[in-house]
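In the two complexes that follow, chain A is the common piece, with chain B as its partner first and chain C second.
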Partner chain A sequence: MEQERTFLEYLRDVSENSSPLDFYLIYDNIDRFFMGAWITIEITFLSLFLGGLLCIPLAIARAYKTPYLNGPIWCFTYFFRGTPLLVQTYLFYFGLGQFEWVRESFLWGPVLSSAWWCVLIAFTLNTAAYTTEFLRGAIESTPWGEIEASKASGMSPWTRMRRIVLPSSFRRALPAYSNEVIFMVHGSVVASTVTLQDLLGVGRWLNGRYYLAYEGFITAMVFYMCIVFMISKGFKFAENRWLGHLRQRDTSLDEADEPVLIAIR
Partner chain B sequence: MDVVFEYRGQLIDGTIVTIGLALSSLLLSVICGLIGAFMKLSESRILQKIGNLYTTLVRGVPDLVLMMLLFYGGQQLINDFGYWTGLWDYIDINQFISGVFTLGFIFGAYMTETFRGAILAIPKGQIEAATAAGMNPGLIFRRVTWPQMVRFALPSFTNNWLVLIKSTALVSVIGLHDLVWNAFAAGRSVRMLFTFMIAVLIVYLLITATSDFFLRWMDRKYSAGVRRA
Partner chain C sequence: MNFKKLALAAVVGIMALAGGQANAGDALRIGVEGAYPPFSWKEADGTLKGFDIDVAYALCEKMNRECTLVEQEWDGMIPALISRKFDAIVASMSITEDRKKRVDFSVKYYNTPSRMVAKDGAGFEVTQAGMAGKKIGVQRGTTHQCFVEKNFPDSEVVLYTSQEDVFADLASGRIDAQSSDALQAEEGFLNTDAGKGFAFIGGDQDDIPCLGEGAGIAVRKGDSIVTEFNNAIQAIRADGTYAKFNDMYFAMDIYGN
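Moving on, here comes the complex of A and B:
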């Protein structure tokens, strides 16, 4: 207790006298920031999970050019990949209320009138569209020898898909997927524009309430950086674990383990 | 859709603002990207560190957060600094400028990686040959590096541009009267937001489709004389 009080006094002293940022205020509201971080993470990962489930059948249908399905799925992915996530979210949150039949349907009360659900739906469809396209690429680039070998050992198409094609495609899609996850974290700030209290939402709230310019945004920035850092570390671990057999033996002297920044959209 | 047609003036104005914003930030991002790429490829450890810091920062922070920080915080910082040094009175950073600076800064980091990869893809022997022929670094860049760099960088450049176009929508959140803002205002006044948002999505699709087409043409032009598999 004594320790904490001296720390707080120190923090208050620094904030009042020598620092342009009010650290004490940030410390006071840190629990709200953790709540915001939780909402950001919850929305991001839930939509990634649901989008990931949705994209597997879509990607298979696209990769094998299934008649009647390929065209519509292409339209879906082209539409969601060619337009901003912000407008897609507005379309669901603000747009759906335009229709009488939506407002009177049983879904309106619990689902379609709540910001949380609309954001989840928009994010899920968005990430599903992107993931479908690069999973399709990964499925199409399955080495033909693997398919031949599985046919020769008598696997049915279903077993072949489940045991050969999908696992190796997932592995090949992993580096692109790490970019997608980070882009979803970046994209999740859109949630704060439709009244959700995610990390940026909390930052905006703090700045608005105390009439500040930096504190809320800088704290949110630090939180986002931590989240992205942890995700990058996680993916690096996963790539070492599941892509170890594809890694080139490191012969160069300079370190090349910096994650390369690639815009995937 | 008749209503959308009635409001076409506002939508067209907004589209012009959006495209202007995107093109200005693209220009700034190319400049930032070139500087970043040369920092990352330079011999100096400090410049390399700064370049890495730049890309890591952009990878870690969402664009809207940086935009708001610049729009609200940067304004105060610049004016406090001006007041403190007495150099300038009051500078107003409007939404357009902060949008251009943030997007340019952010996509500069993506361009950094694009250009770095493209420069690394040029065979080293060519640079050595150019040096041996007595060219100075500026001339080497203009005659040897740049024309080939464009070709290697184009696919990733196209990608960055398509992402940038979509990121411009976020500037409406800090209040720039761009396509999204105008359509939102119009849609709210006639209570037909769905229709208006669909119209916005179609305009964005048109922009991305057109630029895709144009950049494909550029790609063909710059890869003239290159054998394709």
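Moving on, here comes the complex of A and C:
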């Protein structure tokens, strides 16, 4: 207890006298930042999950040029990849709220009137569009040998898709997907523009409440860096686990040769 | 050898640039918002209009200075002033103790009360208990954020970037009430088509620590230009310029007492 109080006093003293940043205010409001971080993580990963589910049938339909579906899906991905996430979110949040019939529909009360849902829908469709396109690429580039082998062993098209094509494509799409996940974390700051108290929202709240310039942003930045760090570690693990067979073999000289090299240097 | 000369040239060049920025003539850069009618708004062609804008130009004229207006979103207003994006804020900023820790203020140039707005006949009392569980919208970084967070701890406070967004969501029913400057709410919302079916609830709010003592012109701490602003405000009050602007936008005297 004693220890804690002296630490707080120290923090207050540093903040008031010698530091350009007010660490005491940050410390005092750190629980809000954790709540904001939770909203950011929740909305990002929920939309990635839902977008991920949505993209599988869309990617298959695109890869096999399914009649009647290929065109509309192309339009969908073109629209969501061709416009900024911010504009899409505004469209769902401010745009839909303009219309009387939307406000009177049964969806308004539980879903469209809430910022959380509007953001989730926009983010889900956005990430679904991106994931569809690179999963399609992965499906199309499935090595012909794998498909031939599965045909030779008598798998039906459905079994082939389930056992061979999709698992193989997922693995090859993994490195591209890690980028998409990080972009979504960064893109999630858009949520704060439509009143959601995500990480950046809390940062802006702190700045607004105490008329500060940097404290809120810098704290949010540190949180974002931690989140992205954990994501990239996670993907590194996943790539080693599921993509190991495609990794470049280590072709450098054996350890036994090292002393020779050092001697030459 | 040559590297040293190059480095020197670079340093001199940077200093020249920095110096040029610090004293770009005597032109005064004034931060304004442009999303707060009738105090400031932006016409379709991009020109800024409103009471704050007219006051800003009139003050500059009295101070014999050339002025350029710089648009800035509200929640970055004080940070932008401190980081020298502009030299003064003329944007209906209330003079409060919290803000005085970061910036200096001129004397007030108007003082109007704050009130809440909700759907006509919304049927709840403007008390902590009456507003419990209700969603109250305010603009982020305003005195109203302070007021609502302090006085209605049982309500959900929803923060917006601009006052226009607050009204948009009040109209669409996402929030139950909003708190803001009464005059601005009347002119900028209640008297417009979007504000049909809405009305003030509760009386004028009374909380000087949060709401402040009127709107002033904010400058960086210790900047002597504040006395020039004070004199200029006296001058436009005395020569009728202020009254002319007041009557252009408002039916009542907004200077307050």
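We adopt the following convention: the second predicted complex is superposed on the first by the 249 of 265 C-alpha atoms of A that agree within 3 Å, B and C clash if a C-alpha of one lies under 4 Å from a C-alpha of the other, contacts with A are read in each partner's own complex, and residues count from 1 in each chain.
Going forward, a residue touches a chain if its C-beta (ideal position, glycine included) is under 8 Å from a C-beta of that chain, and two chains touch if they have at least 3 such contacts.
Quick caveat, the model's predicted, so the values are computed rather than measured.
Student: Answer with first, second, both or neither: which of chain B and chain C does A:103 touch in the superposed model?
Tutor: It touches chain C, and chain B stays clear.
Student: If you stack the two complexes on chain A, which partner ends up touching A:225: first (chain B), second (chain C), both, or neither?
Tutor: A:225: touches chain B, not chain C.
Student: Which partner does A:193 contact after superposing on A: first (chain B), second (chain C), both, neither?
Tutor: both
Student: Which partner chains sit in contact with A:113 here, chain B, chain C, both or neither? Use first/second/both/neither.
Tutor: second
Student: Does chain C touch more residues of chain A than chain B does, or is it the other way round?
Tutor: It is B that touches the greater number of chain A residues.
Student: Which of the two partners, first being chain B and second being chain C, lies in contact with A:203: first, second, both, or neither?
Tutor: So A:203 only meets chain B here.
Student: Touching A:94, do we find chain B (first), chain C (second), both, or neither?
Tutor: Both partners, chain B and chain C.
Student: Considering only the touch criterion stated at the top, classify A:211 as touching first (chain B), second (chain C), both, or neither.
Tutor: Touch status of A:211: second partner only.
Student: Now for A:82: first (chain B), second (chain C), both, or neither, which partner does it touch?
Tutor: first
Student: For chain A, what residues appear in both contact lists, the one with chain B and the one with chain C?
Tutor: Residues 94, 97-98, 193, 204, 207, 213-214 of chain A touch both chain B and chain C.
Student: Across the complex, what residues on chain A touch chain B?
Tutor: Interface residues on the chain A side: 78-79, 82-88, 90-91, 94-99, 182, 185-190, 192-193, 200, 203-204, 207, 213-214, 217-218, 220-221, 224-225, 228-229, 232, 258-265.
Student: If you look only at chain C, which of its residues touch chain A in the complex?
Tutor: Counting only chain C, the residues touching chain A are 75, 78-79, 82-83, 98-99, 101-103, 140-142, 145-146, 149, 158-161, 165, 168-169, 172-174.
Student: Would you mind writing out the residues of chain A in touch with chain C in their complex?
Tutor: Touch residues, chain A against chain C: 94, 97-98, 103, 108, 113-115, 193, 195, 197, 201, 204-205, 207-214.
Student: Could you please specify the touching residues of chain B with respect to chain A in the complex?
Tutor: Residues of chain B touching chain A: 52, 55-66, 68-69, 72-73, 75-77, 107, 109-110, 112-113, 117, 156, 159-160, 162-163, 166-170, 172-173, 180, 184, 187-188, 191-195, 197-198, 200-201, 204-205, 208-209.
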